[in-house]
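Here come two complexes built around chain A, the first alongside chain B, the second alongside chain C.
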Partner chain A sequence: MDRSDIQMSSTISLKGVKKLFERHAVIEDLNLQLKDGEFLSLLGPSGAGKTTILRMIAGLEYPDGGEIRIKSRDVSTVPPNKRNLGMVFQQYALFPHMTVWENVAYGLKARKLKKEMIKEKANKYLALTGLSELASRKPRELSGGQQQRVSLARALAIEPLVMLFDEPLSNLDARLKDQMLQEIHQLHQKLKFTAVYVTHDQNEALFLSDKIAVLNGGKIEQFDRPEMILSQPATAFVADFFGYTNTFASAILKDEHMVSISGVELPVGYTTETPGSSGIVKMRENGVNIVGNEEASGLEPSKAEKSIEAYVIEARYLGSETKLLLRLDQEGEHSFSVKIPQIIRPLPEIHSKINLLINADYVTFYLEE
Partner chain B sequence: MIKNKKYYTIAGWLAALYFILLFLVPLLRMFTLSFFSEGKISFEYYTTIFTSPVYLRVLYRTLYVSFLVTGIGLVIGYAISYFISQKSEKQQKKWLILVLSPMFMSLTIRLFGWMMLLGQEGLINRVFSWLSPGKDGIPLLFSYTAVAIGIVHYCLPFIILNIYASLKRVDNALIEASLMLGESKVKTFWKVIFPLSLPGIFAAASISFALSASTFLVPLMLGGPNNLFVSNLAYNAIVNMGDYPQGAALSIVLLFIVVIVLSIISFFERRSRIA
Partner chain C sequence: MLSKKSKLFYVVMCFAIFFILSPFLITVIASVAGSNMFHFPPEQFTLMNYKNLFQDEQLWQSVWLSFCIGVTATLLAVTIGITAAMGIVKGQLPMKNVIESFFMGPLIVPLVTVGISFLVFFSTFQAEGTIWSIILAHSVIISPYVTRIACANLRQSNEMLEEAAMMLGAGFWYMFRTVLIPSMLPSVISGAVLSFLVSMDEYTVTVFLAQVNTVTLPIRIYQYTTIDINPTITAFSAMIILLSFIGLIVLEKVFKIHKYMDF
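Then we have the complex of A and B:
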């Protein structure tokens, strides 16, 4: 792609975008900016509106308010065939009556390029996706992974302004998924296309993205770089989505680094609330260890860690980990589960008391929702 | 489960038996009948058909009108099917019921309706004479045209059902993919939707041609004595003249031609499926 004339301004800009469904707003006042060459993931559970946003960028649906700009051109009412965007569909959407080559050349023919140019570009992108050998096959003769690569090559071949991905890996098995993730990532490194990627899988989003927009109920909960989302989840919803699966209700923030849950004090790694406020604590399952087990885990006691007491409700092995169901107090109001990254022998006895080291980086505090 | 399987096997055999006794046996009887004259094997009845100008003309008319009507039916049927397939799911159901509703009524009654529309004092001629007073009405009823109109009317629901089903099978994501790749809506229709609906078109053509070529009622009611089809001649031979072998031979010739045409269509249908 010739990219020398492209300035580093926003490639995609959504301002106050609104979408109604049967007179009910599914997306309201959405704002989003994406720089040239950036890889953005729209992440959220089903019904969060991520596909709707993607389809509005694509032009397959039109916003009921606000504006969408691509390369500073207002495309809010421009039909999809006039937007020059590449799209990779969940179900591949390959033309079944055409060969792999014809599929990849489809968009080039639509652009009325010269025959040699079509040939050159189609062959180039087939080679890039490792499909040259399969050029004369029909889609139904290909495996799912191969079909998705054709879909990728077809979208890339038109050298679009933006690549759009609609949950492209959700139909593939785990092994193929990893392989395709790697391939998409490498293609992005190589071609530096701007991308919007819709997924409900946080691992895909973390692996691929420069930026992630976490969506819930048609609103952006957090829009940031992956490491920021991992370490400083902005809301309890984001925390929950990224593995902070334990919740302690009725917690009181003592100071910026300490929270009290029914008298038990826990270290807090991230909060934006003021001391004295009451709310909920979210904690990851990992990043916890049993006192006396530090050496094996490599989790050294530091000032970020604090030892607390907990009571064992249940202890089981899970692969190479040990999963413990614990509670903070004897009455059992505040139960939580942790994963110790070793096989602990013997398993702690039920109802016994153990000392836990908590890594503050894995604990966050939010106001009650 | 095993018990169920047995039940289905028995039901299957009963159906086969029913089919053999009530369909294949009479057909075979017709076949043998047409080859025997006074107890001897003879091609007399076939020779009669292929040497008599009357029979040949009727045969030609039957095939010609069937092809014509199939072509017209496919064009009209495709347009209607496409129109319906573009509606919302709810609307589609309503439109389909509307299109298929004539099938719930006897063909005879529907053809009486056409007789009233096309007749000398019919609606169409009245509108015509109102538009250009003083001129005679156009003789619509008991003509070629009337038969063609009647058969199109008769076949259209079958055509629409087939084409609509094949249009529904075209994945919407394919249309979206084509648009995303920069193709216009019209080009998308010709490059994606139309080729993928070909199996439905061929299926519709088969049914339409078979129904047209074998129709008895439409030429009888709308065509009058000068526009009869092969099936009408076979009926005349058997019922009016008691000439069973001649009627049988006519039916077999018609059957043979229809089977050949259907084989050709199904050859193309299979090719379009693989494509």
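Then we have the complex of A and C:
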């Protein structure tokens, strides 16, 4: 497939998109392609530009350069009401003076559909989101989760080209969040809509998405499938965002599978750098075990594992895990923390030396930023 | 604020309330006085003034005139107020503060000046003294009350609702009609009521414009107490006092008007 073919088959295409804020570029040369029916998450910390990108796709803001195409139509300067997109807002944005039914029917009425058609579609999407019973209530009589479901039904009812989500779950508590996550996923499986979902929560992104774009400072750090982002984070920033929280500075890449940190050698699962370069190592907190503990933890030792020595700074229980704060050598500054997925009894003594099995799949190497 | 209020505080407060309310009390007493209405305390009591009140056609004509002027001017003021507020709050205009001050102008310029200006203005069209000249003048004077409330309402309104409506395919006018107007309605109504009352009460400007066939209520009342002394007016005043108290209580209960009273 050549470039133009990709262009044709994608529902959303952003090309060289630029956005200025007070003459300062917040988004620069952004490129993104999304196929029909795909679920894309824009993931990043606050200020990464993810909401700005969503608002440009929505038409609530216009780009200062580049072009946005939806179903191969250039919509860069088309107002939002002419784009036929559905949007779910963080604060629900339900019309307070209308009932649930009127909220869901709003987009259909604005389209001047026939009365029977409005009734049929509104009722259909109310049923799909499990709101039929609440149709005559006012938004203020509903819980947060119910309100967000109305917002979802309202956006779906217009049968939009793309569904846009602006951090829809960040106002819900953990239990409701899980439930809504399930529901959005099931609705996507059922209706096969194309979606762009903005979030700062990597778990939401991983759970829902076919593709994730990790954003930092208005730039895409990595745009890939969830399993690729998890196993092969492209940059130290992405690695950090997906749980590679330990950082070792001044490391030297010995070969493709081995890195040396102040003389201590660690296995490396993923890097794109050439041997001999110096940089930083990122390592997950899990994927580590204490030598002699493998059987008890049920983890099979594999070829990718390597045993190293480390010194205990602190050892505490955390839920059903044991959290250890360690350093690579007795006086060195290379401290790191690991979680052993088991309650270790007794806790290792402080300053004692332990042998650790490091899983290479959880270690990555990058050049210094 | 005084956290622990002293006895002195209550004494001063009672005195202040008495000072404010006593003229009303005296008016009510005067309305049932048998002799000269300017004599207090009265020597005998009668309901004569109330009987005359309901036969005084001149007075009721003025009431009707003021009512018509009030309603029309209020409708104009609501139109001016909402459109001005939309421009000031939602519009992308340069010097919005200046424009807002301009629309607040009638509250600031001395009414005598406004009255003379309108007289000169309408004279150039030979329109002074017509009912429409008074309506237009009133709508200018009272529009700030609506503009102010509509601006405050739009500033607090949730912009996300407008965005949601647009995302759902609503054009500007559809959104305006279905989202903005319903959310503005309660406060605009209370602003309109306030405007109407100001129009009913307007004297200073109207006196420059009024002629024999356009004597509004406040001017008629003034005539009854100065030029053409008529004690009927005390009964009328007593009735207005009663209606005002009822009206205030209803407004406060329904619209919480004290929120808008701090300007």
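The rule we apply is simple: the second predicted complex is superposed on the first by the 360 of 369 C-alpha atoms of A that agree within 3 Å, B and C clash if a C-alpha of one lies under 4 Å from a C-alpha of the other, contacts with A are read in each partner's own complex, and residues count from 1 in each chain.
Simple rule for what comes next: a residue touches a chain if its C-beta (ideal position, glycine included) is under 8 Å from a C-beta of that chain, and two chains touch if they have at least 3 such contacts.
Because the structure is predicted, anything quoted here is derived from the model rather than measured.
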| item | value |
| --- | --- |
| Clash or fit (per the criteria above) of chain B with chain C on chain A | clash |
| Which superposed partner A:171 touches (first chain B, second chain C, both, neither) | neither |
| First, second, both or neither for A:97, with chain B first and chain C second | both |
| Chain B versus chain C as contact partner of A:84, first or second or both or neither | both |
| Chain A positions touched by chain B in one structure and by chain C in the second | 58-60, 79-81, 84-87, 89, 91, 93-97, 106-107, 110-111, 154-155, 158, 164 |
| Chain A - residues contacting chain B, complex | 58-60, 79-82, 84-87, 89-91, 93-97, 106-107, 110-111, 154-155, 158, 164 |
| Complex contacts: residues of chain B adjacent to chain A | 171, 173-174, 176-185, 187, 191-192, 195-196, 275 |
| Chain A residues touching chain C - in the complex, by the definition given at the top | 58-60, 79-81, 84-87, 89, 91, 93-97, 106-107, 110-111, 154-155, 158, 164 |
| Complex contact set, residues of chain C against chain A | 158, 160-161, 163-171, 174, 178-179, 182-183 |
